[in-house]
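These notes concern the structure reproduced below.
Residue numbering begins at 1 within each chain, and the chains themselves are lettered A, B, C and D in the order written.
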Amino acid sequence: MNGIHEECGVFGVYGNNAGIAAQLTYYGLYALQHRGQEACGIVVNDDGVFASYKDIGLVNDVFSPERLEKLGKGTASVGHVRYGTTGNNDRANAQPIVVNHIKGSMALAHNGNLVNSFELRSELELQGSIFHTTSDTEVISYIITKERITSPSIEEAVNKAMNEIKGAYSLVIMSPSKLIAARDENGFRPLCFGKTDDGTYIVASETCALDAVGAEFIRDIKPGEIVVFDKNGVRSITDHCGKVKPSMCVFEYIYFARPDSVIDGCSVHTARTRAGAFLALEHPVQADVVIGVPDSGLDAAVGYSKQSGIPYEIGFIKNKYIGRTFIAPGQKSRENKVKIKLNPISDVVKGKRVVLIDDSIVRGTTSARIVKLLRDAGATEIHMRVSAPPFLNPCYYGTDIDSKENLIACKHSVEETAKIIGADSLGYLSVESAKKLAHGDEGTGYCTACFDGKYPGGIPQETRKNRFEKKISEK
Amino acid sequence: MNGIHEECGVFGVYGNNAGIAAQLTYYGLYALQHRGQEACGIVVNDDGVFASYKDIGLVNDVFSPERLEKLGKGTASVGHVRYGTTGNNDRANAQPIVVNHIKGSMALAHNGNLVNSFELRSELELQGSIFHTTSDTEVISYIITKERITSPSIEEAVNKAMNEIKGAYSLVIMSPSKLIAARDENGFRPLCFGKTDDGTYIVASETCALDAVGAEFIRDIKPGEIVVFDKNGVRSITDHCGKVKPSMCVFEYIYFARPDSVIDGCSVHTARTRAGAFLALEHPVQADVVIGVPDSGLDAAVGYSKQSGIPYEIGFIKNKYIGRTFIAPGQKSRENKVKIKLNPISDVVKGKRVVLIDDSIVRGTTSARIVKLLRDAGATEIHMRVSAPPFLNPCYYGTDIDSKENLIACKHSVEETAKIIGADSLGYLSVESAKKLAHGDEGTGYCTACFDGKYPGGIPQETRKNRFEKKISEK
Amino acid sequence: MNGIHEECGVFGVYGNNAGIAAQLTYYGLYALQHRGQEACGIVVNDDGVFASYKDIGLVNDVFSPERLEKLGKGTASVGHVRYGTTGNNDRANAQPIVVNHIKGSMALAHNGNLVNSFELRSELELQGSIFHTTSDTEVISYIITKERITSPSIEEAVNKAMNEIKGAYSLVIMSPSKLIAARDENGFRPLCFGKTDDGTYIVASETCALDAVGAEFIRDIKPGEIVVFDKNGVRSITDHCGKVKPSMCVFEYIYFARPDSVIDGCSVHTARTRAGAFLALEHPVQADVVIGVPDSGLDAAVGYSKQSGIPYEIGFIKNKYIGRTFIAPGQKSRENKVKIKLNPISDVVKGKRVVLIDDSIVRGTTSARIVKLLRDAGATEIHMRVSAPPFLNPCYYGTDIDSKENLIACKHSVEETAKIIGADSLGYLSVESAKKLAHGDEGTGYCTACFDGKYPGGIPQETRKNRFEKKISEK
Amino acid sequence: MNGIHEECGVFGVYGNNAGIAAQLTYYGLYALQHRGQEACGIVVNDDGVFASYKDIGLVNDVFSPERLEKLGKGTASVGHVRYGTTGNNDRANAQPIVVNHIKGSMALAHNGNLVNSFELRSELELQGSIFHTTSDTEVISYIITKERITSPSIEEAVNKAMNEIKGAYSLVIMSPSKLIAARDENGFRPLCFGKTDDGTYIVASETCALDAVGAEFIRDIKPGEIVVFDKNGVRSITDHCGKVKPSMCVFEYIYFARPDSVIDGCSVHTARTRAGAFLALEHPVQADVVIGVPDSGLDAAVGYSKQSGIPYEIGFIKNKYIGRTFIAPGQKSRENKVKIKLNPISDVVKGKRVVLIDDSIVRGTTSARIVKLLRDAGATEIHMRVSAPPFLNPCYYGTDIDSKENLIACKHSVEETAKIIGADSLGYLSVESAKKLAHGDEGTGYCTACFDGKYPGGIPQETRKNRFEKKISEK
């Protein structure tokens, strides 16, 4: 899917007596790479001394064996993967950020977006604060640091800071002697922790990262909760819990998270097959075969097939070698012909009525291309089913959605869209079903603002209009 | 699958008036990357002047935009992707090779292995020939060049050379004014050609590479056939056709080729689903779910599911970001725990009786690890089904199979193997069924030497024993 | 010379209507590369928007054509080259630093060392300030930013900040609309400005960087002076001028600066030839030939030759291809034999009494090796003359001198040193003469603390003892 | 100097029991880097097994520690540095070349140019030989290989091959058990050997490379001599010695060789100071100071100063950090102003009458720029003296001289040239003096063809005219 991007994945290690905290974080970030592919970083704590490295690029590119080795031994660490726009400042905006303050050093990794960072920043600048980056994360660092002056502990400073910062944040914070995980009151972004059998605590955005380092999942961090890992073990601060109704991003289930992760008690894969089943019920059709767009449409395709009884098949082969420096064909006229990235299997679709499952339609151009591939391969009918509702609104909680100008659902009805992309029929998942993906009728505590415009965490005062329009003007 | 490697993919372009032969080859090699990931190269023909570049690495790494640009315009070209052992000589052994001889320049790309290259080389050296590489390809170049002295044309030289070279070869040869495709009499390796709608001829190891450049498939090159592309169009030389019974490598269907390719009239995906169906018939079992090991076991899993009626599911998530420089966990003890590359989806297998489909078992260590992952994820029974017969013999026709010492099937019965890998039951595809994958009972013209030891193309006289044993000693 | 390092070079551009400020800075930094070879950076101002790039490495390595291109057009810019110890934080410590504050953005490049940065930093931290780096430069940024809140202009903020910061600093500061150059009251480090014939103002550590961009030298920035470049032209603020007696680092003449630079009215080359002449007067000797150690001993060798009448000759060839990744011979025993970096010309020294001129002796090991090379090449007598006095004290004003433990002059008399390095005689320049290098008897306003321990700018209170000893323990 | 390029440097090691032949070659090539900066390579012999690596780039760039390590241990080795035109085939043309032939492997490094390679190559191609490169070196390999079939030893094959190959060649050849050094009958290019104190034999183009590995110089290889290093020690074959009068390239003394080398008994530095002295006698002038263009004009400047009594001075500072990726200023108009690479020292030349010494004038553009720099710096008179005669003819023996169209001396008289470059007077070294540089009146055995058109080794029949004109048309 193009046009929608998660902004971050976070990871933390505490109490690794073997001293391989950096290595564990490396593997954890690999497992979280899908949450951010632009930049990554690791900060290691070796008895209070922090060593860090971060740069633009995939984990694989940024951390060579030598580079990882140089981070040295450590019992605790924090890691981050990031999605971000390209530009000169990018490397500066990479995380975790490390700051030195009155009580020592602090490393901080953040997934989410504040809605009041502009106000907080202005206030800090009025007091003479200087900023090296344009990220919310630096603002959070300042707020915590200011509170730290008068707080007896770092966790108390975080607790106080949470009164000030508004919006979406899943944080992993490392002090010289502690690791702290904190999640905003709405719980927009996932965050969980586990433990390896040698007693090392692991904090991660998703459980797949716990699996990657062989850690047993313990539980999700609750919305509003602060979990402190220190030499006395694990401790929870719940002052901010239960203040508001939780509203986790439903798109974590639909698209962002890895299918092998379990979030708030529900398997992502299972949520997606359920999306497929809902689609089969909401938009039934007579057809010969169900196929999914790899990789993100496959789970829902299996669900649609099971619910409908129409056989599941493998419809496309995705070229897995296309890397960062792939040279795209230049000539416009050629673009439709080339099947470099995705090639249909003719034998599967030729002469068949095909149900095609994808996880979303943003601008519609990619969908149109895929439908054409199938048509050229001999499919007689193509019924597109989308395992998400139509995108109609911007997200202020850490997802980068294309501008309204570009969202096809903002400009066209479902029927028009079907025509534009060349499908014989088109059906989206309903917002009601989307809310039931994880926990059926119980599961109403989700944010579906991008679909229905109801923002459970408020919206930025100053910048709301500007941000959205600026994005448009940049195209 | 570890331990089995294809050695090459070839690609050729002729008659591209737009002058973008290099670009077309670049896309073609991307589509053939699965056939060789160690090295690659492109030679471009601009009005008789050849420009070439080749190096160790994936297409994506070797060809930057600048590098591709430097190859310049050209109406014809030859490309190659290669699997090879690492070592100092690797770059020298990359293909295509370009040689200058009495009648001009010649570029040559080769997929396969000669069985008499040692004899041919010795003879040439006795006449004072010098060799820059250790590859068969240089031997073929010499033989063609020698014949060229007394032949009226390059194709006639190739035709004569085919009397001398024995074994497996799918060749693409470029002279200043022609492109020639040739396939050995047994047709061990695939080779086909097609045409784009601007009249450019494309030769490729597999049809997926034709798709990648938007070319219409015309037909496979026949075993023993030489196809000549020049200013007069396409011409076929069939002197070597029909001399022996064709015997294409059956493992092309089972593992090497891409599922979206069609070889000798049969879809690779369909052949694989058929393998799954045969497995269901030969080794039925009561179970709750069928899953495949990604990516190569998925097609057969769909086939097994359809034949058996047991539901297909997505059982594993493969980390698609693991690159070349991934740092493997050092400690032996950790290795089993980490699920970095492949993570099972617990919800799918927990409490279930699982049919697990993979395309082969070589040493058994990978299978044992995968079975354990499922067991840890809660599968109650694991029935492994392999969509290929057991490997028992070396290949002399272009496949690099692990040594006998390492092949688990050479040392253990099926029951023992099941025990070793931890499966509740194990079933291999029968050799008889393997021969029927592509064309049912008609399809008996296949090489299955690695399974049954019957070598349709002869074996190397001198080096047979040595080569095989040397490989062992190297481990 | 090993063991003594300058820490920085600074460069600034203002009012370049052609928009090539980045390019000019690139050339300027090339000319200043000798002042810092560990890291470099450029910040460009395009109508108030800053683009920046900095990294570890030489100018040549950090700025590729693409990288420079990406900085875009700009009418003003700031650049920096830096010497620094290697380590994880290095890239973070690269300059110029760019900060965002209440009144906009500010870029800052700094050459020198504060003596009260510890105190200033502690105070700032108490107010909740956070630090991303360990450099003095960030402290200076904070001080200026704090003053900026209540100041009508950036130059006024700088003027006030100069009341607080103590020690050595030559600064180039860029605001969205101005460029500011400031030099500490003692004028420890050089700083000058000039103008190109298209009216662009250039600020630089040395005049050689003005030459590199074709700028005409206007004048040195005076100790304590602030020079402001803005749309109204050039303006000088002299509130801090004349408060203390100037004391420029005499080692700028002896070693740091490039011979083709002119500092405070005196040619560096001429100062060095004068050093050679003083040596000839202070330590005359009967000899056949005078040679210098390339490159830094050559100027003084010419001066010694002229004063003494003993012929000047080229005694060594230095290998100019030795790069960063040169692999040093591993075996201790070989080290003396290899003449890879420096090879004597036998014909010049064989059978001769040689006067050997170098600019300094730090540990003595390099000198010993050079003397041995000459002895092996057949020199009958070797009289070493050093164009600087012996190093006896640490520098707190921006020079990184080896620790006392390592300084041979702290442990041995001149006679002992001669013996240790294997010279027949040894003579250092007197401190008195050092003070006369630039302006004869007039020129007494120099800092010679490293030779005589008289610190004209004070010393750090807290850290003095610690810093010096830490350095020792690190070895 | 632009426009004149040496083509190669060669290096060999034999009998290094410590197994560090690769390392020694690495240091040797560093010392020979000035002879070829485009490509380099090393082949190591470990008990008959050759490991090799070569690539485009400086020794420093091509050989990382890992790369050198991978070459492994070896008792013998061959190395090469190369100058060559850029292009796609460049890497293929890098040396040493390694070939496999009837009697095993052979590695070959070559400095020079054959005059009959076209004829030899045509003949070989008629016999079916194929060529991978366009270099003379591959031709030589073939000739030796062909002779090897009927020769009892590799040295005998080389001896016979020398009857066939004509022109300039200094060769280092490595067989599995021997190292062979051979020099053409005219001795156009230098070649010498020495021995380290652990008994390792070293062959090198120049003595500076012996110094670099701590080897004692033994003697030059004689023109026409073959020296064999094997387990029986050192053996000389002199069948080709004394057939023709030796004619070493005089430009080796004037420009190519390093000043610290000794060739055929004469120090290069001394030959150059002698050139300066001859210039002083042939073209005396009243002046205040003598300066040389760094680095190649410095030795002659010292010689001119001594002979004339006019004081020597350091006139320019050369920026030693300008690397391969330096971005040249784009605007034509700026080019003259920038003094990035070479900056005059004003104090030295202002108000002075200057004698300016350079080693050659090719096109005159560089000289004009340098003269202008001095004029701008305040020199009142500039008298240019060139320590070589004017270039008037192409070289067929391994030097790449600019085409006649570009040589200023082919188109203009000395007076005109002086005017063009802006000098007050101009004087070249006479051809007669050039012949006396090394050994006074004895030394008449030199090739001065580029100055006087007398070709002691013959000229290529077919290609002479073409090669020269092609070069012109390429511009």
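By definition in this document, a residue touches a chain if its C-beta (ideal position, glycine included) is under 8 Å from a C-beta of that chain, and two chains touch if they have at least 3 such contacts.
In this text, all values refer to a predicted model and were calculated from it rather than measured experimentally.
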| item | value |
| --- | --- |
| Remotest chain, chain A as reference, centres from CA atoms | D |
| Chain B and chain D: spacing of chain centres that average the CA atoms, whole Å | 48 |
| Distance between the centres, which are taken as Cα means, of chain D and chain A, whole angstrom | 61 |
| CA centroid of chain A to CA centroid of chain B, Å | 37 |
| Chain B: positions in contact with at least two other chains | none |
| All pairs of touching chains, each written as two labels joined by a dash | A-B, A-C, B-D, C-D |
| Footprint of chain A on chain B - complex, ascending | 23, 26-27, 30-31, 33-34, 37, 58-61, 63-65, 68, 208, 211-214, 258-260, 262, 267, 269-270, 295, 298-299, 302, 306, 311-314, 316-317, 319-327, 329-330, 334, 337-340, 343-348 |
| Residue ranges of chain B in contact with chain D within the complex | 51-53, 70-71, 88-89, 97-102, 125-132, 134, 141-142, 145-146, 148-149 |
